[in-house]
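Order of writing sets the chain letters: A, B, C, D, E and F. Residues in each chain are counted from 1.
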């Protein structure tokens, strides 16, 4: 089961999105064409198969405009569904529902899209023991929701920001005059709950890094063969993360190299929306 | 040339994104590995061909962390560039640049992705006179930026929100007991600067709508043949918008039907990021 | 009936106003002189005749400080009432009611003032077919509420902001080197749901503008005679808006010229408050 | 000279107002009709005589959109000017100036309207020693600016909110079972820097209040004759504030009664805007 | 009884604190180790004797994460309690309670610490008639809460900010060229509800100040002997405030000098937290 | 050297604090007594010995009110200074400096207080190899600043929030039915950059925990003897953190037990302010 985020972390985004859509005059079409006290029953339903994520966004969007509406989820975040699956049943004020529709769908569709793409990667590496993780290549303002969607798809989260782990990349190594020095400085700065990861781009750089005590080593753009060599070389002494050039075609071979972690930027930066609609019933 | 948005509309997003990434401790890696007063020169460069959008985001991200940095744009929003094109040259505090990097790239990459996909649609309909327009299927909080990116790609904007035009859809028609009644109510409600659009899903519904004075009629999921019949039937008396089932394979045939406007949700809800990187020089 | 704004668009203003009034210590008088658990019954009542607008503001102000209070509206926004009319009956915590009183009255009084003045203009042009519309001369932060109040008074809204229609004024014409060029540039920039209005200050400038396809032409400071000539000249081919020098003495003659739209800045920039009070019962 | 507010207290309002006006697409007219790099020279000039207030709002609005613009104030807040007076000269980016124009004028016009009306009251009581003070009947969100405008007009500020003095009104007296008890509770609650004011509506209630040590007594809706009696009765032992039924016709007689303070809600709730325009030069 | 602050002034702080603690992923420990639908019963209990303040913060923190939780206060703000006292009983969702725990304790512990220290000072001056007051040396963002806590401890509030009274200090006197001139300028600027206080640092400066009509004179760093002389000299004609060098050892002697007010910065800038815990039951 | 936080993370707090202090009318004393264009030179100077932290807060407070002021730091965050040490020299507008004074001092004094107390603990354990770390017992809204101050004092940071590491406490263990199960669930949930800590309250519970792979074990309220046994038992296989009952008297013995980490809530919840003042020169 997917552990839900507190509404407290979701509601500000939902209200922002509604305000953005309602603008300065509200939904002028609903005001013109729908009686103020009309009610309706609708369902949120998928138009294509995928993994659900973001039902709370839909719920909060509806309730923000009609606090008395009933919202009954008929699926759960993290669940794989077929096209046509009913995700939630809603009864409430007709204007409120129609005015909240796009906000609900924009959020739920985007998050379900991330979850669906993540699941595809996770399925592709099934049985290898490799974990699919995300990156910081997220939508500004939505990082915590998109990382939640990755969890819905069966993925695992990388850093949430620049502050919750140390990740030494090429520019940092260059600035420190070498990987050994960079790791030494990082270890001196790190608290007892801060892990340290370092990026290497070759087996020789991996060899340089190994003695200096990183918790994780990111193997950047390694071939599957070199990944295997890295796995052999490190023999479980450190967590290895493959990164770069990962797509649905390449990910299986990468996973079979034995690395524990494969990070995929596309999970959040290029996932197409999952097509979900709202149907009157 | 693309008309820029005022910084006033961009800066809040950039600062929000930086705060989201810096978290509660800032960039712990840069703090550990980069001297506080080190400077560096970098370029933003494309890793693939595309259309640029969002240079102001990159500029504002850098300047938010180092107000004294120099940021020289070497390309312009709306410009088509090859892989490897240098978009901007930056000199400034090394920590600031590295800490702002991801925020700058996340925004510029996303917006350039939207612009690039838009341009692909625009190019596909070249010579037909049809305009490619976006929808309200945008990222919560980023609508004005994504609609700007559509303009960078040569597209045109549909409504910005629920409040700046009337768009009567099937649920509104149902609630009003028919298209004639819906349009009558809409005209009564509309101000002298508010246009009215109505969605129809068949030629016979189009015929019902025609006498009632909409400014625009959206033809939902019409076949190219039916689109042509609609164009013939209306004979220029109303603007026609094709919607639904539009993709890069189908858009040319749709455009050749003679409709003036083709709306494409994918421009903003499913555009993959344009791969842009930051390179030390 | 007046279509209500969603509470979502009103509540932030109400809470801001309450916070502004409560300051850093709350209502020190109520704390000193009213028992914490005392309750009271009050009514909101007019001290002069007018048109009601903003009942939701009063309701939300009371409920923000006492969520369990009962608020029963006994009039409706848009309704004309006599002096002494009871607009709402409230029962709840006495401190909460007294602390919310000024916020409730400041908002409801101001909006009702706008509605009342608007109604005066609307009544003055009764039977002529002319519509009274507002301008962007609104109170910073309250535009959407004041434009709602205009609707309550029977008026119609002009643009909500700089972004939801094109309105070409003298400075734009000057910058473009003439009205024809300005309209050509505007048409090229406008989306299919964006209307274009142009301001002219003489009949000859009107003649210049006519061939270039504006949706609306604003006749700035025309005499009633010139307005009639403009109506004759355009013969219904374009919407005409009279602007400038409009007051309760002049508006009837302006309306009788046959223009469709008369815009009045005073509706929002100079409407005196409607005197409403809160009475214990 | 009027003591300026810190920009820190003004800028958030200005930026809010600009964002409200620019909406989601910015100034589409300026984008269409004005070249991005065009510059212009303009002046802010009055169209009628009055008292200036809010020049900082205009300055901050212009600079928010063009930080490099030059803004030269040629008048000062608090200054009385004739129709046609030039208040400020501005040179800068043409789009920025035209996009900021309405925000600048809305704020400066409103504040100057408040200052002008205040000055009219102040002039009317000239030589009597009475001070004209405002009330809490201000525009939500703009209280500190409107109270500043009152100072620009020569008025003095009453409470800024519910928290910076105790003001016992009829409902508080009723809740306490009498004026003596209310004042006793108030004195017990008040800190050493908190003044206490009590409202009375008759000479006999004034006599009840006098022994209980209020700093100020508000005489609500007293006739000029009763005001004189109150002045005689109190003989300078307490500050007297006349309130209710104050307008430009009645204020002189009220002031001549000898009260020290006259509060006027109309200063902020019903001041018409001062007509100011922006002219290209 | 302590008069409560409206929730409206507390809730934003509580939600800010929760968001700060939940970060971008929420409470990962509770998500990992506590079932989503588990419930628990807990009590908030003191670990040491003190004065309670901030129960509303605890209530609002719990309810923000579980709106259906029951929160029963078993003590009241302002109450003196022993170690082990149960302040509130809570039943609700286990994750919500554990996630809100630290926010609730951080606020309630801090405020109770301020109240407890204040009570110690108040008790020390018992019977002297002197009041213990706070200063503006408060925690940024929490001033209104900390001043509330001072009231819970039996103290009285000094100014809430720079705007609600005039307090002339040495730098102001120096800028005005003397205390007489400073007080003259202050009286001219002060409204009828604004009190004026002036700081003096010697008996001779006190003598200079006396004729110029301050409401309060602050005696800065006076010895007890000089305080007594000041009391004798002023003979009740002005309120005297002792300030500087006040601690629990010195405060009694200061109070016995006969000053009415003793201000103590330590109440808010150096109060240790009151140790409160949350125990499962 | 202490690595500075980006101004972006400090400025919002400073501006919030200034707005809180300026209220709705600004600094009425400075407005009354200081000429608007007067300038002054001041220094920030310590009144007692301590460790400096928060100079950037003082700088940003001054510059927020006078952007042209010069602020020259003459000490550095993290530096130990004597009483009377000059921390910064400032020249600028006199009103701005006096209005910003309290905000600057409140922040710098508080943070320097935290740094000074931290340094006292750090010095007390000198030579033992133990690190002093903070907790989440911080001031709501100021966590990132207070944790920065801990770093200035030579301490190290524990978790920044509930989301950046897993910390299993007694309630979590109880909910999971034992420590083994809790750790198993935690490991399943943790990403590859998330460390896991578990709290134990006895040597036998420590023995239970050891086989299950925590990164850190918190020894809650262990005696120094038991701490030594724990160190012996674990033999470096896991990081040990002592917690509970830590004060300046006990910390040395705790450190000599050989634990690597000692967490001290008092660093942030009970540090007295460092007395810093602003002196005109």
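The criterion applied here is as follows: contacts are C-beta pairs under 8 Å (C-beta built on N, C-alpha and C of every residue); 3 or more make two chains touch, one makes a residue touch a chain.
No experiment lies behind these values; they were computed from the predicted model shown.
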Which contact partners do chain C and chain D have in common? A, B, E, F
Repeat of the A-C interface, chosen from C-D, C-E or B-E (over half of contact pairs identical by residue number): C-E
Between chain pairs B-F and B-C, which one is joined by a greater number of C-beta pairs in contact? B-C
Chain-centre distance (mean CA atoms) for chain D and chain F, in whole Å, is 44
Using CA atom averages as chain centres, what separation in Å is found between chain A and chain B? 22
Name the residues of chain A that each touch 2 or more other chains. 3, 20, 22-26, 31-32, 99, 143, 157, 160-161, 163-165, 189, 194
Using the touch definition from the top, list the residues of chain E that touch chain F in their complex. 13-14, 16-17, 20-35, 38, 40, 94, 98-99, 102-103, 105-107, 109-110, 113, 136-143, 160-169, 171-176, 182, 185-186, 188-190, 194, 265-266, 269-270, 272-273, 280
Chain E-touching residues of chain D, taken from the complex the two chains share: 3, 131, 133, 156-160, 163-165, 189, 191-195, 197, 215-216, 239, 241, 260-261
Per the touch rule above, chain D residues touching chain B in the complex are 15, 18-19, 22-26, 31-32, 36, 64-65, 96, 99
Per the touch rule, the chain E residues reaching chain C in their complex are 1, 3-6, 8-9, 143-144, 147-148, 157, 160-161
In the complex formed with chain F, which residues of chain C make contact? 20, 23-24
